[in-house]
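Presented sequentially are two complexes of subunit A, the first with subunit B as partner and the second with subunit C.
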Partner chain A sequence: MPSTALKMQPETRQAMPILAVEDLHTWFEIRRMGFFKAGDVRALDGVSFELYAGETVSIVGESGCGKSTLAKTILGLHKPTKGKIYFEGKDLSELDKHQLKEYRAKVGYIQQDPYGALPSFMTVERILKEPMIINGITDKDEQKRRIRQVLEEVKLAPIEDFLPKFPHMLSGGQQQRLVIARAMILQPRLLIADEPVSMLDASVRVEILQLLQKLQYDHNLAIIYITHDLSTVRYFSERIFSMYGAKIIEKAATKSLLKNPLHPYTQALFEATSDPDAENLKTFKDVPTGEPPSLLNPPPGCRFHPRCRKMIKGLCDVEIPPEFQVTEDQSTACWLYKDHAQGK
Partner chain B sequence: MSNDVVLDVRDLKLHFRTRKGSVQAVDGVSFQLKRGRTLAVVGESGCGKTSLVKAIMRLLPRNIEVYSGEVYFNGVDVMKYSDEQFRKEIRWKKMAMVPQASMNSLNPVIRIADQIAEPLLLHNKDMTKEKAMERVAEVFSIVGLPLDFLQRYPFELSGGMRQRATIAMALVTNPELVVLDEPSSALDLLTQANLMNVLKRIKHEMGTTFILITHDIGTASELADEIAVMYAGEMVERCSAEYFYDDARHPYSNKLMASVPTLREDKELQFIPGQPPSLINPPTGCRFAERCHKRFKKCAEHPPVVDVGHGQRVQCWLYDEEGEVKHA
Partner chain C sequence: MNKIRNFFEQLRSYPSAFAGLAVIVFMVCMAIYAIIAIPYNEAVRLWRGGDNVWLETPRNASPAWTNYFRKDKLPETIVLKTTEDPSLKTVVPLGGGVSVNDMVFTFDYHYDGFPSELSMFFTSTFKSARPNVSIKWITPDGREIRLTDMSIRNSESYRISQDNSVSRRVRGLAPEVGLFADPNDPSKVNKGTYKVVVEGLVFEEGSTLDGSLVVYGQVHGMAGTDHRRRDIGVALLWGTPVALSFGLLAAVGSSLTTMLLAAAAVWFGGWVDNVIRRINEIVMILPTLPILIMVGLFYSRSIWAILGVVILLGIFGSGILTYRSMFLQVKESGYIDAARAYGASSGRIILRYMIPKVIPVLIPQFVAQVPNYVFLEATLAVLGLGDPVLPTWGKLLNDAYTNGALFTGHYYWVLEPAVLLVITGLGFAMLGFALDRIFNPRLRGL
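Up next is the complex of A and B:
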C-alpha cells in the first residue's frame, strides 16, 4: 500500500481500504482506416480514491463523464492505461489468471438494465447456478443452499415458484432483485452498482435501494453506487464523488455536499434537480448551457471552464486544477478554492 | 362549455384485443384542459399514460377492441370525425405530439430542416418550400437551436439538440395542443433542466397547451399546472399542482409522493408493496384496493369520482358523500 493513502484515514476505519485506486487512466485508442492511430478517448483521466469495507460511495455525473468506465476498469473489464488498482492491498496488475478469477468472485456487479443483463434463455435457477459453476462450487447441496439463501435475502419468495421462471416472466423490480441475487451468490466483498434503479419506477426504486442497504449492513459490504440522480444519493451513501470530463472533481461526505456543494459543476447538478414543488413553475433553472467536453480533445485547464460562469481567465483555461482540501470532509478540484491547502 | 377549454375528454376507453383477452389500457378517463395550461400525467409504467394520449391523438394500433367516449377539441367532438378528416384537420395541425424516444427516430439520411418542414408541407398545399424554411428557422430559434444546424444531419446533433429538434417539429404547424411523452427522461440532468427551461419559455410566450407524460414527479413540477395520476388504466386523481404535492388525496397519490426521493428535504422514503393489477381482468372494485393501506369494505365496488373542493377530483370511496372523509 502506498503510504499517502494510509494517512488520510480517520482512526475509526480499519487500517486497510478494501479498494484503493491510484491515478487511474483508461484511454481508448481511436484508429483511422483500421490502423493509423487517430488519438485517444480519455474515458478516465487520473482518478484516485479509497473505499473501506461497509462503506457506500456514490459516483454522480452525466453520461459520458467516465463513471461506467471507472466501474468497468475496477471490475477488470477494461485494462487501465496507467495507474494502479489495489484490492485488499494487492495490486491487480500483478495478479495471475487464477488470482484474477478469485478477485472477480469477490466483486459483484449490478447492471443498469436488468432485462438486458439476464440471459433470456436461462431459468432463475440456472442464472444463479452459473457463477458457481464457473467458480468451481460444484457441490449440489451447497449450490442449493446458496440459491435459497440469496433468494431469501432479495425477497424473491416463494422460492420454489421463482426457480423455474424465465426473466421475461418477472416484473422489472423482480428482475433487478434477481440481478442483485446473482451478484451476491459468490459472497462478494464489494458491489459495484451501475445505475441500479434508473430503469425502474419510482415506487420500486426505494425498495431496491433499501434492499441494497440491508445487504450492505448484513454483510459489511463496500458498495460503489453509480448514478446520475443526486436525489437518491442522500438516502444511501456516506460519501459522494462528483465526476466531470473523466475526472473526479469533488469528493465529500454526503451531508456536507448536500448542504454546500463546492464545485460549480456540482452546484449546477444540484440546481438542475427538481423536487416536487409548485414553486418550480414560476422560476427558470439557472443551469449552464452547452455540452460536456469531448474526451478525444479535452479543453486545456479545467474541463468545466467553457461552461463555467465563475471561470478565472488565464488560470482555469490554462492550468489543470489540483485537488484542494476545503473542509475536513470535502475536497474539490477547482481554482476558486486555491487559498485552501492542496490535497494529496 | 366555456370557450377557453381546449380539450374536454369524457369517458374515454381504449381496449386492446390480445390472445389472452381484452387489455383495458384506458378505461373511462375524463378530464378537461384549459388553454395555456399544462397537464402532467404521472403514474407507474404500464398504467396507460401513453395509451391515453394515443387515444386522444388517434394513433391506434390495429388490435382495437373498444375505442369509445367523447373528445371535444375546441367544443367539437372529434371522435365523430372520420380517420381522414381527423388526419387532415386535427392531427399535427391542431394537436401535435412528441412521442417517447422520438429523438432517436429522426431519419438519419434527411437534413434536420427538411424533416421539420415536412408536416408543414404535407398539411398546407399552398406552402412553398421557402416559406416553410422560414418557419423552420423561426421554430429553431424558439427551441434554442443555432440556425447553422438547419442543414445538418441528425447524427451531428447531441441528444439534447435532437430532442429540441423533435419539439420544433411538433411546434412547426403552430398547434394549439402539444403532447410530450417523456420528453426528458433519456437526457442528462443539465440537458434536461435546459430543456424544461425551453418548454417553460414556450408556454409563457406562446401560450401553448401541453400534456406532459412523465414518471418523474420532480420534473413534472417544473411545467405542470395540473397533475393527473393514472393507475391501471384509470385516472384516480386530478388536481391543481398547487395542492397536489402537499395535499394529494388518493392513497395511491400519497404513496407515490412518499416514494419520490427529494434532494433538499430529508424524508422517510416508502415504497408501494405489490404490483399493479393485470389490465386483462382488472378487479371490478377499486383497482388499487389490493395495495391500499386504507382499504375497507366499500372498496370491493367501483369507486365514484368525488370532487373534494378546489377542483380536486379523486376516484376513491374515502371521500364519498360530497368530499367528506369517512375513513381517514
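Up next is the complex of A and C:
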C-alpha cells in the first residue's frame, strides 16, 4: 500500500484544529428498577485531543475501551456528560438546532457493519438522496450531479446499474463503498470511520482503505480512524491514539509509536499483533494477562495497573497518571515517564 | 415493479393464498356491485321502507334455487296488474256515467306446492259513489267459486287467504289451499289455468277502477325473504361493503396507530415510553365486548361510533408490546445512527426509517386481523347492537334468531349470512397465512 499518510508535516498545519476535544466524559446512567440510580458506566472518562484538517488519526484499543463511544459522542449521537467539543473553533454545546444540522453535514460517519448501516428497504439512489433531502439540497439536478460524483469517487460503476439496487444485492465491499459514498455526499470536512474494514474480506480491506486515503487526499479531509487492527494502522494514519479503559493513554506520531511504544499497554498491544514472520516461532510474546477494567467501577489510579508488569506500588494504584510529553511527537499517561514534562 | 413481480412469484407457491385472494376479490366485486346496483338510499328504503315496499313479496319465502334440489316444485310469486297490462281490463260504458269495468286475471299454475298467500289490491278514483266489484274464482276444471262482493275505496286490499267465508266454500280448507286443491285429493294441486274474474261497476263519469292479483309463492329471489317480506338478498349484498369496510378500516386504523405509538415509545423512550406502556397495560385488561355493548346501549349504535371505539380499544393490546420489542431492535441498527448523524429528525426517523423496516411483519398480521373485526361487527349486530339503519349480515342473523328461524325451518335465513361470514374469514385467513410465510423469513420453507 502506498504511504501518503505522512504527507502533512506539523509546520504546514493550520493554526486552528478542525476538531478539538477537551476533557470529554460520556457516562451512561444505570438505573435499578427504573428509578434508583445504580451508578454510571464511564464509557469516556476525560479524553482530550486535537485534529487538524487533512490529518488522519487512528484510535486503537481493545473492545470496550470506549473507541466507538468517542466516535458517537463526536457525532452527537451521545450527549457528553462533561467536557467540550469544538468544531472549527465553535463549541458544539452552544450551537442552535440549525447550526447543529450544519455541523452534522460536515461530519461523515462510516460504520463497521455496512449492511446494518444501510436501510434494507431503500434503493441506492434513495439512500444517497436522503441526506441531501434532510439537509435542504432539493434541486433535482444538483442531487443527480452529487450522486454521480460520489459514486464515481467510490468506484461504484456503472452508476445506472447500481441506482435501483437494494443493499442486499451488493457485495460487502460494494456496501461499504456505498456507506462511504453516503458519508461523502454532503461534502464533509471530517470523516469518522468506526472500524470501516473489520467486517470485510481481507482482499477488500486494502481497496477500501486506499479509497479512504484517496478521498482524504482529494478533499483535504480529516479522518478519525477507529480500529483494533494494528496492521492497517501503520499504512494509514499520521498519528495514533491508544485507548484503554475510557481514556487515551498514548498519543504519538505513527513512526515513533511503531518504533518505540511507550505505554506498557501499547507495547502489549503491538506485541499481540500477529506478523507472518518465521522468527516468531522462536520468540515468546509477553502478553499481559487479565481482563479489561470494569467501566462501572474502574480501578483507582492508572486503569491498567492491575495488569501491568511495570506497576509502581503506591503510585500507579493510587494516583491517576497525567499526560507526560516524552518526545516532541509522543506523549503518554504513564508514571514510568514521570521525569518528563507534563503535557497539557 | 420488480418487487411486486417478485412478490407474486413467491405467492404462486401458495395455492391457498390465491384461493384467499380470489375470495377477497369476489367479495370486493360484490361490494362494488351492491353499491352501484342498489344505492345507499335505495338500500335503506328497501330495508326500512315499510309494508308498502314489500307488498308484493311473500313472507318467509325460501330462495328460488331451492327448487333445483326438490321434486315438488314450490311456487314463485305471480303478480298481475291492470295498470301494467291494460288488456286485462275491459271497459263498457252503459250511459249516464255508469260503466262496466270487467277484469280477468288469467294465470297458469303448474307448481306442486300451494301458494303461501292470496291477495287482491284495488285502486279507484271517484267523487262520491264508490265502485263495486264482484269477484269469482274459476278453476281449471271449470268450477266457479264466488269469492266476495265489495265496494272499493280509493285503495282497498282484499286478503283472500284471510276470508273465512271463502274457506267455508272450499270445505273448510284455508282459501289459498282450497282454491287450488284437486277436488278429489285436497292435498294435491289442481294444475292448469286459473281465472279470477272481477265484475266491476263504476257509477260516475271519469271514475276509474284498477286492480291487481298477487299469488304469493313459497320461493323468492336469490336469497329468500324474511318475516317482514323483505328480500334477504338486499341485506346480503349490502352487508358486504359494510363488513369489508368495517373490517378494513378497523384493522388499518388500529394497526397503523399501534405501530406509530410503539415506534414513538421506543424512539423517545423515557416518560413517553412509560406513559404509553402504562396506558396499554390498563386498556389491555378492559373487556372489549362489554364496553362496546355499553356504548351501543347508552351512546350510539351508529356503525361509525362503534368503529371508533373498536379502533381505540384495538390500538392497545399485546400488539403494541410485540412492535415495541421489534422497534427496540431496529433502534439499535447502524442505519438509524447513520440517519441521526446526517441530521434526520425524530419524525422522519420514526416514519421513514423505523416503520418501513417493520411493515413486512405488519402486513400478514393486518390481513389476518380483518376478519376479526368483521366478526366483531356481526357479533354486535347479533346481540342487537347493529347499526339501526344499514342492513348487515349480523342483523340478518339477529332477525333470524329473534324469529326462531331454525325452529320454523327457515335455515337459509341463518345459513346465508353465516356462510358469507365464514367465506370472508377464510379468504383473509388463507391470504394472511401465506403472506406470513412470505414476509416472515423464519417460517419460510416450512
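One rule holds in what follows: the second predicted complex is superposed on the first by the 326 of 344 C-alpha atoms of A that agree within 3 Å, B and C clash if a C-alpha of one lies under 4 Å from a C-alpha of the other, contacts with A are read in each partner's own complex, and residues count from 1 in each chain.
Just so it is clear, contacts are C-beta pairs under 8 Å (C-beta built on N, C-alpha and C of every residue); 3 or more make two chains touch, one makes a residue touch a chain.
Predicted model, so just to flag it, every value in this text is computed and none were measured.
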Specify the outcome, clash or fit, for subunit B and subunit C once both structures are aligned onto subunit A.
fit
Which partner, once the models are overlaid, touches more of subunit A's residues, subunit C or subunit B?
B
For A:118, select first, second, both or neither according to whether it touches subunit B, subunit C, the two together, or no partner.
second
Quick one: classify A:341 as touching subunit B (first), subunit C (second), both or neither.
neither
Return, as a multiple of 10 degrees, the angle whose vertex is the Cα centre of subunit A and whose sides reach the Cα centres of subunit B and subunit C.
80
Check the residue A:107 against both partner chains and state whether it touches subunit B (first), subunit C (second), both, or neither.
second
Using the touch definition from the top, say if A:278 reaches subunit B (first), subunit C (second), both or neither.
first
Please state the minimum Cα-Cα separation between subunit B and subunit C in the superposed model, rounded to the nearest whole Å.
12
Subunit A positions within both the subunit B interface and the subunit C interface are none
If we count contacts the way the header does, which residues on subunit A are in touch with subunit B in the complex?
62-63, 171-172, 201-207, 209-210, 228-232, 234-235, 258, 268-278, 280-281, 284-285, 287-289, 291-292
Under the definition above, what is the set of subunit A residues touching subunit C in their complex?
72, 75-77, 100-101, 104-105, 107-109, 111-113, 116-121, 130-131, 134-135, 164, 179, 182, 186
Quick check on the complex: what are the subunit C residues that touch subunit A?
2, 333-335, 337-345, 348, 352-353, 356-357, 359
Would you tell me which residues of subunit B are touching subunit A in their complex?
44-45, 158, 160, 188-194, 196-197, 200-201, 215-225, 241-242, 244-245, 255-257, 259-266, 269-273, 275
